Amino acid sequence: MIPFNELITDNLPALVVVLPLLGGLLATLVGRFAWLWSTIITGSVFLLTYTLFTAVQAGPGMRYEFGNWPYLWGIEYRIDLLNAFILLVVSGIAFIATIYAKLSVEDEIPADRHNFFYSVWLLAITGLLGITITGDAFNVYVLLEISSLTIYALIAMGKDRDPRALTASLRYLILGSVGASFILLGIGYLLMVTGTLNMADMHAQLMAMPEATQNRTILVAFAFLLVGLSLKMALFPLHTWLPKAYTYAPSAVTAMVAATATKVGVYMAFRFLFTIFGYKFTFVDMPSYHILIICAAVGIIITGLTAIRQTNAKKLLAYSSVGQIGYIVAGFALANPQGVAGSLVHIFNHAAMKGGMFMALGAVAYRVGGTNMKDLRGLGKRMPLTAGCITAGALGLIGFPMTAGFISKWYLVQGALAGGSWLLAFTILFGSLLAVIYSWKMIEAMYFREPEGKTAEATEAPYMLVLPTMALIGLSIYFGINAEFTAGTALKAAAALLPGGVQ
Amino acid sequence: MIQLEILDQVPPPLLALLIPTIGAFLIGLLGRWPNLREGATLLTAFTLFGVVTGIYTGIIDPGYWSAPAADFWTPTASTAPIVLVEMLPGIELSLKVEPLGMVYAMIASTLWILNSLYSIGYMRGNKEKHQTRFYICFALAIASVMGIAFSANMFSLFVFYELLSLTTYPLVAHKGTPHAVRSARTYLGLLVGTSVGLLLLGLIATWFITGDLTFKPGGVFTQVLADGTLTAPVLGLLFFLYMYGIGKAALMPIHRWLPAAMVAPTPVSALLHAVAVVKAGVFSVVKVIIYLFGTASLVSTASGEWLIYVAGASILIASCIALFQDNLKRRLAYSTVSQLSYITIAASMLSPMALMAAAMHIAAHAFGKITLFFAAGSIYTAAHKKNISELDGIGRRMPFTMGAFTIGTLSMIGVPPTAGFISKWYLVSGAWETGYDFVLVVIVCSTLLNAAYFLPIVYRAFFKPPPDDDHPHGEAPWPIVVAVCATAAGTVAMFFYPDVALELALQIQRGLP
Amino acid sequence: MSEVLMIDSVLLLLVAATAIAVVEVRSLYAAAMLSGIYSLLMALVWVNMHSMDVAFTEAAVGGGISTILLIGTLVHTEREEKKRKTRVNWGALLVTAMTGAALIYGTLDMPRFGDPNAPIHNLRVPEMVNQTVGMTAGAKGKQPPPVGWTPRQNLELPLGHKQAYAMQRAHATNEARLKEAGEGHGGHGGQKADGHGAEHEAGHDDAHAHPAGDFNGHVPNTVTSLLAAYRGYDTMFETAVIFTAGASLILLLRRRRRPGENLPKQQSANLTDQVILRVMCKLFIPFILIFGLYVISHGEIGPGGGFQGGVILATAFILYGLIFGRPELHRVLPERLTDILAVLGVLLYSGVGVFTMLRGGKFLDYAFLNPASPGDGEPLGMTLVEWGVGITVCTVMITIFNQLAEEESK
Amino acid sequence: MSDVLEIYNYWIYIVLMMVGFYGVMAKRNLIKQAIALGLFQTGIFLFYISMAVVDGGTAPIWMADGATKVPNPLAVPAAFDNPLPHVLMLTAIVVGVSILAVALAIIINIRRAFGTIEYDELTKIEREMEAREAREAAQ
Amino acid sequence: MAWNEIVCAVLLVVGVLISLTGSLGLLRFPDFYSRLHTAGKTDSLAQLCIFVGLALIDQVTVDGVAYPVDPLIRIKLIMVALLLFFTAPTATHAITKAAMLDGVMPWKKGEPPK
C-alpha cells in the first residue's frame, strides 16, 4: 500500500508540475472524457498549489531537488511566497478556465480532436506552472517553450471561426521564439560568466564578482534578457503580437492565456531581475528603472488610446491587457515595497478581472456568434448576468473602489509617490481614465442600445459558462472589498525581494 | 424612544444607508406593478426621512447625538466610527455622524420625499420608458448620498462619491437617445475623470504622507506639517488635487458636465442640481477643507487662498453665461454653477462665520434650486416648453408653479423672506470678518447678475400676454404641483425657522479647534 | 592556433555564406535544401568542437527531418517567394546591425575561446563530470548538500517503509562498493584531467580501488549522464515539447476522421513505381532501424541517445512512407498506434520518476529503481528514459510527417 | 591574428544570428521567416557550443583505460570539452524543430485559408476584413 | 613510406581530383542532366576513393604524439563508403527520374545552355 499522504507532502513541489504533465499525456487516451479528466487534473493541481501555498506561507519556503541531486548540479524547485502566490493564481485560473472550456470548446473545436486539445491545454498549464516554480534558469527556458508552443497551437485553433487566428498565432510564434531565443542567449551569457544555471547560485556568483557592473558580457546578458522578457510579457512596444492573438483565439484559450501567460512572463522578469541580478544590479547600477517606467507609462497611454478606437470587444480588452501589463511593470520597476506589492496584487487582480471578462465575451460569442460592438448591443436585457460580469470587470479595470482594480492602483500610486514620481502616479490614474472611456463603449452598447441581429434572440448563456465567469469576477470583487489576503501576501513577497527584508 | 430590535442591531447611519438600498431591491421586485413600485419608493423615502430625523433628534440613538454639548469627535464607545468593511489595514469603509453631514443628510432625505412625489407625476405625465430602472437608480443614488453624508473618512467618502456618479449615470442617459448618451458620457467622463485622475491621486498621496484619512477637526496634516515632512507647496498641490478632483462641485472650468446633464428628465436634473450630486460636491469640498485639511493648516501655509479667486471667477463667469441661455434648464444649470461656487468661496475663506454660511447655503440653495427645477419640469410636463422665450404669460395658466418659481428666484437672489437671504447674510459677514473685499465685490456683482437673469423670467411669466397660437393647458399633474409648492414653502419656512440648519452649523463651529 | 580553430575558421565561413544564401535565395525549394546543407555544415562544426551528440542530433534533425518537413510544406504551399520591389529592408537591417553591435559588445569581456579558466569549466561542471553516476551514496555519490543549505526533512525518512528503503540503500551501497573493490579491477588512473574542487582528491583516492577496463563508475558519455541524470528533469520536458509539437500538428492539420476511417485514401507520393528506389529502400530500412535502435541503447556509452536514435528510426519509417506511399505506412504503423506510442514514450520517462517517488525517493532519483543495488539504478534509469525519449521522438516525427503530408480535408 | 581568433567563433555566431534575425524581420514570405528563425536559433547553438570548448579538450566521453579497447586518435590527456552546453543545446535543437513543425503547420493552414503565404498580401486581406467589421460596428 | 601510405595518398589525390572536376562540371555543363552526372561522380566515386584511402592509414599524429588507428575505425570507414556507394547512385537516379517526370528536357547540341 502506498502511503499517498506522505508521497504528496514529500513531493509536493514536483507533483504540482508532474501531475498536469501526466494528465496532459493521458488526456489523449481518455477519449470523450478529456474535459472531465482535465477538470479533475486542474482541480487537483489547484489543491496541491493551495497546500503548497499554505506551507510556504507558514514557513521560510520550500525546496525540492530532482533526482536528489544537490541543487548546484541538478534541477531544483525553489518556492517562496512570490512564486507560491503566482502558482496559486495560475492554477486557480486554469481550473476555472477548464471548467469554462467545456461548452466553449464543444462550440469551437471539431469534436474529433477534443482529447488532443485538452492534452495541449494541460501541457500549456504545465509549462506555465513549471516556469513559475523552478529555480533553474535553463529549466525556465524549456518550460517556457512548452507553454509557448502549446499556446501557439491553442491560439491557432481559433482558425475555424476566424482564419485570422492563424496569422495571429504565427506572428506570436515568430516574435515569441525571438523573445525566447533572446532569453536563451541571456541565460547563455550568464552561464558563461557564472558557470552555473541555478538561479540562486548565479546570483551568488554575480555578487561575488566585484566588477559585475563593468563586465560587458553581463551587461549584454541583462539587456537581452530584458528584451526577451519584455517580448514574452508583451510590454509596450513589444506587444504587437498580443492583441490579435487574444482576439482570434478560441474563447476559453483567450480567457486562460490572457489571465496567465503574460503574468508568468512578468513573474520571469521578477525572477531574473530581482533574484538573479538582484535589486542593486538591476535598479541601482542599471538604468532599468527608467527604461521600464518609460515603456510602461507610454504603453499605458498609447494602448489605452488604441483600445478606445477598437470595434471588437475582444480586441479592445486585448489592448487593455497590454496597458495593464504596463501597470504591473511600472509597479515592479519602481522597486519599492508598495510598487512591487502593487505589481503583484495587480497580477492577481488583473488575471481575475480580465479572465472573467474574456470568459463573458466568450459567452457572448457562444450565444451571438461574435464579439463585435454590434453584437454587444442591448445585451444588458438579453444576457443580464453576462453583461453584469462585463460591467463589473470594466469597473475593475477602471479601478473603481470596492473592486480589485482599486487595490492595485492604490498600491501602485503609492509606489509611484514613494519613488517620488508624481508624473507616473498621474499616468497610472490617467490610464484609468482611458479605461473609463473604452470600457464605457461596451457598457453603453450593452445597456443603452437596442439589440439587433442575433443579439435580439439571444438568451442568457448556459450556466457552465456563466458560473465560472461569475466566479472570477466575484473573486475580483471580493478581493477588492477584502484585500488583506492578496495585499498582505504581496507586501510580504515584495519585502522579501527588496533589500532590507521585511518592512 | 423607539425600541425596535433592528435598531439595536444596525447602527443608525448604516440604517440610513441600508434603507434606500433595500428600497431599490423592493422597487426592482415590484417593477411590474407601477403603483406598488411607486408606493415602495415613497415608503422608502418616508422611512429614510424618519431615520435621518431620528438620528438628528436623537430619538433613535440618544447616547450618540442628542445632548447639545456632546463632543462627538472624542472617540468613545458611542461615537467611534462604524466600520463596515476593512479593505486593507487602515483603509476602511466607515460611517460616523457629525453635524455637517447631518445637514446634508437632512436636506437630501427631506427633498427625496418631494422629489419622489414629483417624479411620479413627471414620469407618468411624460410616459417615460424604463421607469423601474429610473426608480432603482434613484434609490441607489440616495443610498450613496447617505454614504457621503455619514462618511467617517476620506476613503469612504471617495467610494460613495464614485458610487453616486455611477448610479446617477443611467439617470442622465435615461432617454437613450444618441444625444442623451453622449451627454451622459460627458457627465461621467468629467466626474469620474476628475475624481480618479485628481481626487484619487490626492487621496493616495494623503495616505502616503500621513497614513491617516480620518475626518477630524484640525485635519490630518498638522503632525506632518509640524515635523516638516510635508512642505507648504506640496500641501498646496494636494489642496489643488482635492478641489479640482471633486468635480461635482463644478468649479470652473470643470463645470461642463452640469449643463450636459440637462438632457436628463427633470426630476433627475432636480436631484443632480439640488439634492444629490452637486451638493455632494460642495459638501465634500467643505468637509475636506474643515476636517481633512483643517482650517488652521490651510491658513498657516496660505495654500487655500487661490480658491477664493477661482471660485469668485466661477461665480461671475457662470452668471454671465447664464444670462445668455434661452433654455430654461440650461440657465438654471449655469445658475447652479455660480451658486455652488458661493459655497466653495465661503468654505475657502476659512473663517467660522463663513463656514456657517457654507453649511447654510447648502441647505438654502438646495430648497431654492429644487423649486426652480420642479417648476421647469412642471412647465415641460404641462406645456412642453423648454425655452424661456416661450414662457410669455405662462403664469396665468400655471399660477402655483410660477408662484413657486418666483419664490425660488428670490431665494437665489437672496431676497428676504427666503432662505437665500440668511446664507448670503452669513457669507457677507464672513467676508467682512476676514477682510476679503474681493468676495464682497463678487457677492454684490453676482446678486445683480442673479437678478438680471432670473427676474426677466418672472416678468415674462406674469406680465407678458401669452402668444396667440398657444394651445391651452392648465397646471401640471397634482403630485408635481404639490411638490413644487412644498419646496417653495420650505424655502420660505427656512427663513423663518432656520433653527435646524443654524443649530447644526453652530455645532460645526463648536467642533472646530 | 589549434586545429580546432583552423578547421573552424574555414567551416564557419562556409556556414555563414550558406546562411546568407538561405535567406537571400528566392526559390523556396532551394532555401529548404540550403538549410539542410547549412545544418550538415553545422554538424561538421559541432564535430570539430567535439560535441558529438549535438552534431549527431543536428545532422539527424536539421539535415534530415527539418528538410523533409520544409519540403513537405512546400508541396502544399508555394515554390517561390514573391518578388518585391526593394530587396533590402533598411529598417530591419538597422535593427539587425544594432542588435549585432550589442552582441559584439558583449563578447569583448568574454573568456577567450577555449580558455580553460572560464568559470563554466571550473565551477560546477567539473564536479558533475567527476561524479560516478552509478553510485548514489557515500563519498563519491550524490554529495551531501553544500554548507549553508538547510534541507527539508526529505533525507530523514520517519516512517516504516521509507526507513527500510533508506537503510537498505545505505547497506546496499556499501556492499556494492566493497564488491567492486574486492573484484579487483585495475585503477582508472589519470585520464581524468580535471583539477578542480574537493572531488578531485576523493576521485584519486577511489581511483586506486577501481578496476581497469570499466569506466570508473562513470557513465561513459558525460553528455548522457548530464542529460538523463542531473538534468533529467529538463530532458523529460524536452520530450514533452516533442510530444506537444506532435499533438499540435494533429490539432492543426489532421483531417476529420469519420468513425472507423483510419487510412488516408489517396496516394500522396508518385515514387511507388520506381523499382530501384523500392529495392534500395527495402535493402536499407533494416539497417537504418538497427542503427537507430543501436543509437538509442548505446547512448550512455557513446554519442547518441534517445533523440538521435528516435529520429533515425523515424527516418526509416518516413523513407518507407515516401517510397511506398502513406497508405502502406499506415498499414505498417497505424495512426492510432503512433498516437499512443508518442504518449507512452513520455509516460515511460515520467513514469520512471513517479515510480521512484512511489518508492520513497525524489522524482527521477534512479537509485530507488533498484533499492537492492542503488548503483545499478542509475544506468537502468538512464536507459529507460532514453528509450522513452526514443519512442516519443520516433513516433512524433512520423506523426509530424504524416500530418504535413496529409491532404486538405474536403 | 590569434586575438581575432580568440573570439572569432563568438563573432561568427553573431553573424549567423543576425542573418537569421534579418531574415525574420525583412522577409515577407512566411516559410522564409520560419527558415530564418531556424538560422537565428542555430546561431545561439553555436554560441553555446563555442562556450564549451576547452583548449586541447576532446569529446566529453570517458574512455576505458588502456589503448586496447577504444582508442581515440584525438585523446590527449587533457580536460574534456564541457558537456553542459552540449546537453542544453540538445534540448534547444529539439525545441527548435518542434517550433519549426508547428510553424509549418500553421503556414499550411494559412495557405489553405487565405490562398497566400506572403506577409504583405495577408496584411492586405486582414485590413480589408477589419475595415468591414468596423463599418458593421459603426452602423 | 609504407605501401599503404602511398596507396592512401594516391587514392586521396584521385578522390580530390574527381571532386574538383565534379564541381567544375557542375558549374560548366549546360543542362540539368549533365550537371547531375558530374555531381553523381563526386558522390560515388570520389567519396569511395577518399574513404578507402583513409581506411588504409594506420596511425595519426596529433601534436607530435602518434596514435594507432583502431581496426574498428577502418571497418566503419569501409561501411560508410559502402553505404554511400549504394545510396548516392540511387539518389542521383531518383533525382533524374523526378526531373524527367517533371518534364525537364535534356540539352541538345546547338541549343543555348540553360
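A few comments on the model shown:
Labels for the chains are A, B, C, D and E, by order of writing; each one numbers its residues from 1.
Convention: a contact is a pair of C-beta atoms (placed from the backbone, for glycine too) under 8 Å apart; a residue touches a chain by one contact, two chains touch by 3 or more.
Values in this document were obtained by computation on a predicted structure and should not be read as measured data.
Annotation for chain A: without this chain, the others separate into B | C, D, E by the touch definition.
Among the remaining chains, those touching chain B as well as chain C are A. Across the two candidate interfaces, C-D and A-D, the one carrying more C-beta contacts is C-D. Closest to the middle of the protein, by Cα centroid, lies chain A. When every chain is reduced to the mean of its CA atoms, the largest separation from chain B belongs to E.
Taking the mean of the C-alpha atoms as each chain's centre, chain A and chain D sit 27 Å apart. In terms of their C-alpha centroids, the spacing between chain A and chain C amounts to 31 Å. With touch defined as above, residues shared between interfaces to two or more other chains in chain E number as follows: 62. Looking at chain D, residues 21, 51, 74, 84-85, 88, 91, 95, 98-99, 102, 105-107, 109 sit in touch with two or more other chains. Among the residues of chain C, those touching two or more other chains are numbered 103, 107-108, 110, 118, 120-121, 125, 128, 231, 234, 238, 241, 244-245, 248, 252. By the touch rule above, chain D contacts chain A in their complex via residues 21, 24, 30, 33-34, 37, 40-41, 44, 47-48, 51, 84-85, 88, 91-92, 95, 98-99, 102-103, 105-107, 109-110, 113-114, 122, 126, 129, 133-134, 136-139.
Touching chain C in their complex are the following residues of chain D: 1-2, 5-12, 14-23, 25-29, 31-32, 35-36, 38-39, 42, 45-46, 49-66, 69, 74, 77-91, 93-102, 104-109, 111-112, 116-118, 120-121. Chain C contributes residues 1-2, 4-5, 8-9, 12-13, 15-16, 19-20, 22-23, 28, 31-32, 35, 38-39, 42, 45-46, 49-54, 57-58, 61-62, 65-66, 69-70, 72-74, 76-78, 81-82, 84, 88-89, 91-93, 95-97, 99-100, 103-104, 107-108, 110, 112-116, 118, 120-121, 125, 128-129, 186-191, 193-194, 212-216, 218-223, 226-227, 231, 234-235, 238, 241-242, 244-245, 248-249, 252-253, 301-303, 307, 393, 400, 403-404, 408 to its touches with chain D in the complex.
The part of chain E that touches chain C in the complex is made up of residues 62, 83, 86-87, 90, 93-94, 97, 101. Those residues of chain A that touch chain D in the complex are listed here as 138, 141-142, 145, 149, 152-153, 156, 159, 163-164, 166-167, 169-170, 173-174, 177-178, 181, 184-185, 188, 191-192, 197, 311-312, 372-374.
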